[in-house]
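Two complexes, one shared chain (chain A), two partners (chain B, chain C).
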Partner chain A sequence: MSSAVFWGTLAAVFAAGLALTGLVENEYYYNALYLILQAMLMAVAWNILGGFTGYVNFGSAGFFAMGAYTTVALHKALGLPLPLLILAGGAVGGLVGLGVGYLTLRLKGVYFAIATLAMAIVVETLINNWTYVGGARGFYILTPEKHLWFDSYIQMLFVVMLLLTLAAVAVSRILNSSRLGRGLAAIRDDEIAAECAGVPTLKLKLISASVMGAMMGVAGAPFPFFVTFVDPVSAFNLFIAVNAIAMPMIGGTAHWIGPVIGALLVGTTQEVVKVTVSSEMNVLIVGIMLVLFITLAPQGIVGLAQRLRARGSR
Partner chain B sequence: MVSADLLANAVAAGVLLGGFYAAVAIGLAIVFGQLDIVNIAHPAFIIVGSYVAWIVNSTFGFDPVLIGVAVAPLFFGLGVAIYRLYYAAFERTGQESLSGLAFFFGVMFIIEVVLIMVYGVDYRLVQADYIGRTWSVGFVDFPLRMLVPFTVAVALTGAVYLYLSRTFMGRAIQAVAQDRLALQLMGADPVRVKQWAFGLGIATAAIAGALLIIIGPVEPSVGRQYIGRVFAIVVLGGMGSIQGMFIAGLILGVIESMVSTFVGPSWAPAVAFGVLGLTLALRPAGLFGRQ
Partner chain C sequence: MSGMVLRAEGVTKRFGGFVALQEVALHVGPGERVGLIGPNGSGKTTLINCISGALASDEGRIEFQGRDVTRLPPHQRTRLGVARTFQIPKPFRSMSVLDNLRVPLEYAAWSRAEHRRIRDEAMETLELIGLQHRAGTSAASLTQVDMRKLELARALAAKPRLLVSDEAMAGLSSSEVDEILEILLALNRRGVAVIMIEHVMRAVMKFSERVAVLVAGRKIADGNPQAIAADPNVIKAYLGE
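Entry: the complex of A and B
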């Protein structure tokens, strides 16, 4: 995809999103789209460390919740507006991501994955015991009165999330196709060889982990306004972590478009199943799709497409 | 001031809890420690064991421990089947690290959601006449709902230890952990040995699940709290060393019990992960590691 087509598509999608708010009233659609976009943002973020660099993060829900709870704490303390809260959530997520990046110095592969899971549980325990943000009982947040020129607050949140997700996709594409992205791929394929070839592995891993953490924090920051009631169970939901891993794995991890395709496919399926069958089934379906795809198509949809194209050109 | 009887009770409860943790972790000590298969779904299999114990116990009233032992062969078969799938999909193609991890993550999630869909999120418990009783030695209490699992766990750990060190198959499992190629050169089939070992690991989950539901009521997402514990124990115990794992289980049990007693139960979940994090950061080989 050439740059012009890419930026054109992003602009077209954003324009379509804006146009939608003028045409459709029904709040359900914005709810569903918000959830799909949130999952896509998480998937794109996970893929930057997991797919490009090869470090599996099981603690996605922890980063997401840090963003959400940064919003809760700052909203309660200072009453900051949404854009600043999103920035703050991103900053907190990015800093923790940087810390996780330093973990990669000592921990490889499996141990790193388990350590990130550990990080998420430790943060969850902290939040459970932090009464200022509601502790285990949770925290109610009122939907603000103002919502710019939109008809309702959820419409505005949807447009905000659309903007954030498109920005994340753009960052992910830049990372993937730049010199930096080639360094990350070298780390994924063979870290020692990359180090020997002069790739500044630590620096690249720190960048990639911080970007991942920041994006996840950003994804979590508007969440309290979306649900209006946050508690550790909803913010640290395992479902968020599973989605963040499953979507890139299903779409294909090596290419920036993988998580986007995966999120569109899985997210849409989930929303349809939630309405037509049941909300438990919608959770189950991700697990089944994840297991099926990694056993049968380990390279994901992108890998399948590439194989088909290779066969076609032969 | 910390009173002596509170401390003694906390330590005793911790030791009983720790022994039980050893039963929970032993399957992973075999599967992860010896075979390097990252089965993060192990606690989920334990929950399945708990539910089997609950179903049979509430229908026929058999003793949960007996149920656990009786269904262990079924779990063994399940483990063999899962390993065959895992081998065919990941190990043979050399993709076990990232994809294998995500595979077990998915399996764990599916087990949890299916249990929720079929049985709901209610807490389930078993009936046995010893569950409510307590033995007291001086001012230290030994509730039988902890003491019975502890005893069974010690027996299970001892049996697995003897099996791995004394029998032909047990030694073959240790051999595959040390040097897969050498085992192959001796004319043994590593896949067959690993499949046997994986089955054994899952079989222990049937017994551990029965013990878990004796200790307290169980619901599907309880398993998640055990992910950190089992990995903390296996890593702290030095990856695959059965004695090391048992001692690590006791250490974790005592620390958790102390934290619950003196700091507050809501902090206990972080203990295992704290221990795990510290171990990974300071001494990744564990206490009894084969460096």
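Entry: the complex of A and C
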């Protein structure tokens, strides 16, 4: 995909999102689209460390919840506006990503995955016992009165999430094809060989973990306004972490477009199943899709397309 | 002695109670060709891991072009000019052959190479090695000999002053050995000092100006190839009493 096509597509998608708010009033659609976009943002974020760099993170829900609870705390303490809350969520997520990365990225493979899972549990315990943000009882947040020129607050949140997700996709694409992205791919392919080729592996892994954490914090920051009631069970939902891993795996991890395709496919299926069949079924859907793709197309949809194209050109 | 490219003194490495290297010294002059031989398990690869920084030595001092690099991580040593190949090739499998070379060009040699010329530089290096027709191929699909060549090409792309070649010829046919030997000699003619670890004696004797022998973690001999081949200690180490 050329740069012109890429930026044109991003602009067109954003324009379509804006146009939608002028045409459709039914709030359900914005709810569903918000959830799909939130999942896409999480998947794109996970893929920066998990796909590009090759370090699997099971603690995505922890980073997401940190963004959400940063909003809760700062909203209660200072009443900051949404853009600042999103920036703050990103900053907290990025810093925690850097810190956890510094402590655990010397660990290889499965040890790093376990460490991230442990981090999420530690943070959840802290939040459960922090009464200022509601502790285990949860926290009600009132939907603000103002929603710019949009008809409702959810419309505005949808447009905000669309903007954030498109920005994350752009960052991911730039990263994928840059010098930094090649360094990350070298780490994924062979860390010692990368180091001996002059790649400062620890530094790059820390950058990668920080970007991932920041994006996940950003994804979680508007969440309290979306649900209006946050408690640790919803913010640290395992489903968030599972989706963040499953979507890139199904779409393909090596290419920036993989998590986008995966999130569109899995997220849309989930939302459709949720209303047409049952809200419990959509959990099963991810499981089945993941099993199917791992056995039939281990490189995901992108890998499958590349293989078919290679066969076609032969 | 300050003109030395590499000065390793008293390098000791232990793995638990096992002493893999004991006070090994190795000096390499500018543009020199040094062979490093020894039976299996004698510590050759451990020594070059300590030189390239993949392992930290427990004792001793390693100087590169007069600079103490003992505590530097591998990527900084590569940037200073120490490049190595791996015994078992470690290509970046998800990348094309050309992109494999872009990594060291961008990360190790970037201050010395103009950024726009990176593609040209990568192609030049591939031509020197004889891999230019494979530039667009995925690194994972190369044949064994081409993978060895890619190892050399990637090391070379870092623009080293010292190249450590770890068994680049193991398992190759006689004509392929000659091919790799030619490449190493061509690199050396450009002024790159080479340490060659090899079991193919014919290649070591032909290539080296000087040969160092490691046995059980100690250097037992260091001298010109003819003297080494006649050294009774070396013969004993290889053939037994």
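Operating definition for what follows: the second predicted complex is superposed on the first by the 312 of 314 C-alpha atoms of A that agree within 3 Å, B and C clash if a C-alpha of one lies under 4 Å from a C-alpha of the other, contacts with A are read in each partner's own complex, and residues count from 1 in each chain.
Please note the rule applied: contacts are C-beta pairs under 8 Å (C-beta built on N, C-alpha and C of every residue); 3 or more make two chains touch, one makes a residue touch a chain.
All values reported here derive from a predicted model rather than from experimental measurement.
Asker: With the two complexes overlaid on their shared chain, look at chain A and say whether chain B and chain C clash or fit.
Answerer: By the criteria stated at the top, chain C and chain B fit after superposition, with no clash.
Asker: Please work out whether A:Lys146 is in contact with chain B alone, chain C alone, both, or neither, and reply first, second, both or neither.
Answerer: Neither partner.
Asker: In the superposed arrangement, does chain B or chain C reach more residues of chain A?
Answerer: B
Asker: Pick one for A:Gly183: touches chain B only (first), chain C only (second), both, or neither.
Answerer: second
Asker: Quick check on the superposed pair: does A:Arg311 touch chain B, chain C, both, or neither? Answer first, second, both or neither.
Answerer: Neither partner.
Asker: Based on the superposed arrangement, let me know which partner A:Leu284 touches: chain B (first), chain C (second), both, or neither?
Answerer: first
Asker: Thinking of the overlay built on chain A, is A:Asn128 touched by chain B (first), by chain C (second), by both, or by neither?
Answerer: In the superposition, A:Asn128 touches chain B alone.
Asker: Report, please, how wide the angle is at the C-alpha centre of chain A between chain B and chain C, in steps of 10 degrees.
Answerer: 80
Asker: When the two structures are overlaid on chain A, which partner does A:Phe58 contact: first (chain B), second (chain C), both, or neither?
Answerer: first
Asker: Can you report the least C-alpha distance between chain B and chain C in the superposed arrangement, rounded to whole Å?
Answerer: Chain B and chain C, overlaid via chain A, are at closest 8 Å apart by C-alpha.
Asker: Applying the document's contact rule, which stretches of chain C touch chain A when the two form their complex?
Answerer: Chain C residues touching chain A: 52-54, 73-76, 78-79, 83-84, 86, 90-95, 99, 102-104, 106-109, 154, 157-158.
Asker: Quick one: which bits of chain A touch chain B in the complex? Just the residue numbers, please.
Answerer: 50, 54, 56, 58, 106-107, 109-111, 113-115, 117-119, 121-122, 124-126, 128-129, 136, 238, 242, 245-246, 249, 280-281, 283-284, 286-288, 290-291, 294-296, 298
Asker: How about chain A: which of its residues touch chain C in the complex?
Answerer: Result: residues 179, 182-183, 185-186, 188-190, 192-202, 254 of chain A touch chain C.
Asker: If we count contacts the way the header does, which residues on chain B are in touch with chain A in the complex?
Answerer: 38, 40, 85, 89-90, 93, 95, 97-99, 101-103, 105-107, 109-110, 112-114, 116-117, 221, 224, 227-228, 231, 235, 264, 266-267, 269-270, 273-274, 276-277, 280-281, 284
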